Amino acid sequence: MAEMLIGKGKPTRRAYGFDEISLVPGSRTMDVELCDVSFELSGYRFAFPIIASAMDSVVDCQSAAVMGKLGGLGVLNLQGLQTRYDNPAEALAEVAHCDNSSFVEVMQKLYAQPVKESLVSKRIEEIKQQGVVAAASVTPNLASKYGPLAVEAGCGILFVQSTVTGIEHRSASGGNELNLTKFCQTIGIPVVVGNCVTYDTSLQLLATGVAGILVGVGPGAACTSRSVLGIGVPMATAIADCALACNHYERKTGHTAQVIADGGMVVAGDICKALACGADAVMVGSPLARALEAPGGGFHWGMATPSPVLPRGTRIRVGTSGTLEQILLGPAHSDDGTQNLVGAIKTSMATLGASTLKEMQEVEVVLAPSILTEGKVFQKAQHLGMGR
Amino acid sequence: MAEMLIGKGKPTRRAYGFDEISLVPGSRTMDVELCDVSFELSGYRFAFPIIASAMDSVVDCQSAAVMGKLGGLGVLNLQGLQTRYDNPAEALAEVAHCDNSSFVEVMQKLYAQPVKESLVSKRIEEIKQQGVVAAASVTPNLASKYGPLAVEAGCGILFVQSTVTGIEHRSASGGNELNLTKFCQTIGIPVVVGNCVTYDTSLQLLATGVAGILVGVGPGAACTSRSVLGIGVPMATAIADCALACNHYERKTGHTAQVIADGGMVVAGDICKALACGADAVMVGSPLARALEAPGGGFHWGMATPSPVLPRGTRIRVGTSGTLEQILLGPAHSDDGTQNLVGAIKTSMATLGASTLKEMQEVEVVLAPSILTEGKVFQKAQHLGMGR
Amino acid sequence: MAEMLIGKGKPTRRAYGFDEISLVPGSRTMDVELCDVSFELSGYRFAFPIIASAMDSVVDCQSAAVMGKLGGLGVLNLQGLQTRYDNPAEALAEVAHCDNSSFVEVMQKLYAQPVKESLVSKRIEEIKQQGVVAAASVTPNLASKYGPLAVEAGCGILFVQSTVTGIEHRSASGGNELNLTKFCQTIGIPVVVGNCVTYDTSLQLLATGVAGILVGVGPGAACTSRSVLGIGVPMATAIADCALACNHYERKTGHTAQVIADGGMVVAGDICKALACGADAVMVGSPLARALEAPGGGFHWGMATPSPVLPRGTRIRVGTSGTLEQILLGPAHSDDGTQNLVGAIKTSMATLGASTLKEMQEVEVVLAPSILTEGKVFQKAQHLGMGR
Amino acid sequence: MAEMLIGKGKPTRRAYGFDEISLVPGSRTMDVELCDVSFELSGYRFAFPIIASAMDSVVDCQSAAVMGKLGGLGVLNLQGLQTRYDNPAEALAEVAHCDNSSFVEVMQKLYAQPVKESLVSKRIEEIKQQGVVAAASVTPNLASKYGPLAVEAGCGILFVQSTVTGIEHRSASGGNELNLTKFCQTIGIPVVVGNCVTYDTSLQLLATGVAGILVGVGPGAACTSRSVLGIGVPMATAIADCALACNHYERKTGHTAQVIADGGMVVAGDICKALACGADAVMVGSPLARALEAPGGGFHWGMATPSPVLPRGTRIRVGTSGTLEQILLGPAHSDDGTQNLVGAIKTSMATLGASTLKEMQEVEVVLAPSILTEGKVFQKAQHLGMGR
């Protein structure tokens, strides 16, 4: 590949997002029934490769249970509203009903309430009691504190997650860095870590013994990292880079780990593209925030929003379009890729001749930017009733 | 060409759409009268290379007859409303009059009615009685069922068409795959098959003995394959790839087959570009859905819409702008490329110095994206009365 | 340069428009007073390199006279309304006052009136009487008919112009092609010919002995060639290609000819870019259609509009912003590049350190697309009062 | 890098803007407290690398004092309203209260008033009296006149600034060119010069002995150089080119000079990107024009606007969002990157594992254009209440 430069002396390369790629059908097709979309993570097998994001607008104990019963996985944020409030419904209602101008301050106020350790245990138990795998998310700096509590309460899979998680974190106090290798060895349940976006970091994280890595920085619908911090890597490239690291790691060590694309998938087609770029599964927020069961009540917001000094998530109104079951398994009553996500994955695979997720990772991908052209923007504008 | 990568280990290439290319005039021009736009398909000769899509909003027996009398071809969908209802007018009216929110469900209901074999024969006969070639479309899985009925009723050309049709389809039941080679040998009339988008698949389909291939996945105005399935290849690249396969096939075997670009052509300029990229003819939907004779009554919708579990077409209001004759042969009373499509092809060829469609396939094409710039979008916005 | 392909077997290259490039200042600047923008065409010297387009909305005898007195050149269309009507004011008013839906038909009706040979002579004389160079435009097929009349009436420079003019035109009747070499030798005044967009065609046209070539197909504000015919080449690339041909021709033969960029220049910055890409002068329509003296009365329309069967120009409302003198020589009272065009050229040259137009052709040009980003479009949308 | 061409014989290269790049996190993160964002300019040390632009809407004596007390630097324009009017408040109010159509003429009138030498001295003294470093800006042609006055009044750092400043300026009168080397040697205080955008010009300017160079032509929010003059270089490329020149100069001579990115930074993420491209500090206008202390009163305008013959800046309404302290140091109550700019720089550095600004200049940058896609534009349009 020809070297590219930002300017003299500053090499760079092009990274691609979902809107810039498309999947290419070939000579073989198959019936949808022949497509296997099941996904395994450290011995847990799921009917489909869609995980609900550890976001307060998406997962509470009830929606986690529904996700599990449908065959998927919902991850509870152990440092969100669910563990700060005995009755999170009030806090959630406050987020949903405030106006745009006061939203950030409302969030800052609500998340100033401390996490209660008792609620950490209680929420995990509530999920377990529904007969599904309990999965929970903690930040790296508090993993050693809340992780063991969660395991004790019956947590099955732990997500150690922050905006960016690498192999080394320098702390101002000098003391509380997480030793991920040691943590994985002692915590007793599979650990998924993230987020990362590069080949090198993926390799280093995999070497600590994690069961999977979360790939994605900056692309989420409710994320403003890119405008606030200038940071972000378009998903198609990030997934391909990290998936290659995972393949190389497996070839070298014999250990299998999962690449989970996290963020930036708005419609089913985006999920199909993530899988084709090399993801084993996807973690999605906004598409599931539209569910009747979603705690956000028709709203979705980023988990970096409540920062007291530098909020960098936003709230978007997503509306409510159906049950989790309708959104995941259909039947769809809309034609825009927001319903029957699993059916769409299967249909895409059938159309592309891929019978397994592994085969889906090998389909041809072309660069086909869906750029806005003059014609399109005004056709659509008129369709939406803008203008005369 | 320098190798391009989505990310490490994931090679890709750039594919181009009509909005990204433009045709380059050279040193020779000619009078429009010297341009021959006639098109031949397995012995049938047409006055111009425009085929009306097998879509319920575009072709019924009456509009197929008008297409034929004008010198073109209209293809009737044998699995659409025309063969499900004795009186399709009522169903068509229901589609046209429902609102956007109920549209998908109305379609799902209307297409749940079974196809009547008697109507398959009847519709073909109705077209034949008008003295024109009857052409009809069936899906691969039902080609063996409805194809012979159509032939018996007098069908002249059969289109075997689905979103993606390759040389191999694996069926869940294991039994009903179409053997295309055998089908072409026995059906007794020319078969056109599609849709495909790659060189390899084109070669394989051509080897079965088809008279032509339909090129295009995902670009249509009423198609949402790209957002639902992530699948699609921009048309300019797809046409060039498949046209090369067709040339190579002809050079190797001596057999001629036609490349028919299907979908994504909104204005006459798009049709000219399709021909310059290598298409022998084009199949268009939305531009003809604007005709007074079009059964859609000012609406146009995709044929994947009525899927009961995963609808992936949409309905767009195209309005009614004139007769089929005015749209195809002019005179145009608009300046936007939606009227006198045949005249536009001839004028483009005359301006480019191409006296035949074969010469048109050799004109120079440059990459010239009609990207939206700041200036343009707001000029046009003001023109449309958006804003103050 | 790496080879680019539309698709397999179809080579292409990237062409660039004004919105995709920008000029780079270097180490030297100068005072505006030191910049010489004078332009010579076959012995005629003009104070600045801006020519008013031969369009009915831009040039009549009066505005041609004002252009000449200011130091520029206006070209009268000898086949437009001015030579079809003794009193063109009425026809012009009809164009200005019709509504968008009837505009094409009004144009078709008005231009159905035949050209009167007596008016051809009369209009030229009217311009001459004002003491300025009379320049006029004819189409190639009628150049032999109207050209000599114009010369006899005192025309100083003849523009032989159509959408695309090459070295060879094949006529259906077989007889009336223009032999450009012979025409240039016998007509007795300098001939400018166009439009063309490629190196090869430029070389061939120059070899006929023309004084200049018009470069530009498809970019004009009132031109819809690209959507109707699929034809057009972005201006920056077209100018650079044709300018190189002109340089090569001059080096080989010792004859100097001028490259005149025609169309697609909306603001002064576009004119500066045209010069930097290699143009010796520019021909502009819409920027001058805003003048009080412009016959269009605040409207601008393409000269391909009145085609009886395939209109391919449109009418845009440009408004009236000042006198020709204000638009060309300032002072500007707007900050958007639409006033004081000559002052802007000089200031651009001064800032870039170019003291002559020849030096301006050597300044550095970078690819810097002014793509619409999310931020920009909505900032501007709010500025324009779109949305809440 | 493969050679790129505008057209035959016209080489070019691609230049990138902030909207086209993004920063890539790696394996190391750190706590925000460990990030040092201090910045030194010729012995003056500042707590953060943000300088307020020498624009009348941004800096007066009072806001310069606040900037200094917060740890930054504000630069007063010595040829703006502050030195033309004893009481600039009235003139500022007139700019803020005029309407868009009269704005340019109001500006032309207000800036026609001559600069008073007594006010040059007085304003500098007013800043000094607040106990902060006084910094002021003059144009090259008047640097010899106002520079010594400013120094005498106690000015600490002098900015010699115009749209484009190179090493050589040819003057029409032949006499008053600034000899920058001599000026730097004799003026007695550090000189920052600009603006420039290329490697060669940077090297030449640095050789004169300046303390820093301002990088940026054309990108500012209130700048219309690109549409009026066709001139401008996207910031990411300009910064990288000039930063390399600065590094080479330092390596060769041992002298350190600062690269200050000037213009086009709208949100904190843009500032982070400027630093990652190689800037030592940034000069920003519109983000600080939103401060309560900003003299623009909620408006921001370019300093090239009042040109009597060729205005090329515009006025934008930015509103007022908080104090300078809130905008610079937080806490932020918005999530869009417009508040807590210093906190955002630190958080970006912490996330990217850069503990100093030098390390920040080494982070990985990818090309990741935030192009407008169909989906995005209409999501956002609906969010803003455009359309139904």
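Read from first to last, the chains carry the letters A, B, C and D; within each, the first residue is number 1.
Here is the rule we use: a residue touches a chain if its C-beta (ideal position, glycine included) is under 8 Å from a C-beta of that chain, and two chains touch if they have at least 3 such contacts.
Only a predicted model underlies this, so the values are computations on that prediction, with no experimental measurement involved.
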item	value
Chain whose Cα centroid lies at the greatest distance from that of chain A	C
Equivalent interface positions on chain C and chain D, same or different at half	different
Chain B on chain C, rotation in degrees - Cα superposition, rounded to nearest 5	90
Intercentroid distance (Cα basis), chain D paired with chain C, Å	38
Between chain B and chain D, centroid-to-centroid distance (C-alpha), Å	54
Chain C residues counted as touching two or more neighbouring chains	2, 15, 227, 237, 267, 370-372, 375-377, 381, 386
Touching residues on chain B, where the partner in the complex is chain C	1-2, 15-16, 21-34, 199, 236-241, 243-244, 247, 267-273, 276-278, 330-337, 340, 343-344, 347-348, 351-353, 355, 364-368, 370-378, 381-383, 386-388
For the chain C and chain B complex, residues of the former touching the latter	2-10, 12-15, 17, 19-20, 104-105, 108, 163-173, 196-198, 200-201, 204, 217-218, 224, 226-234, 237, 266-267, 305, 308-314, 316-317, 369-372, 376-377, 380-381, 384-386
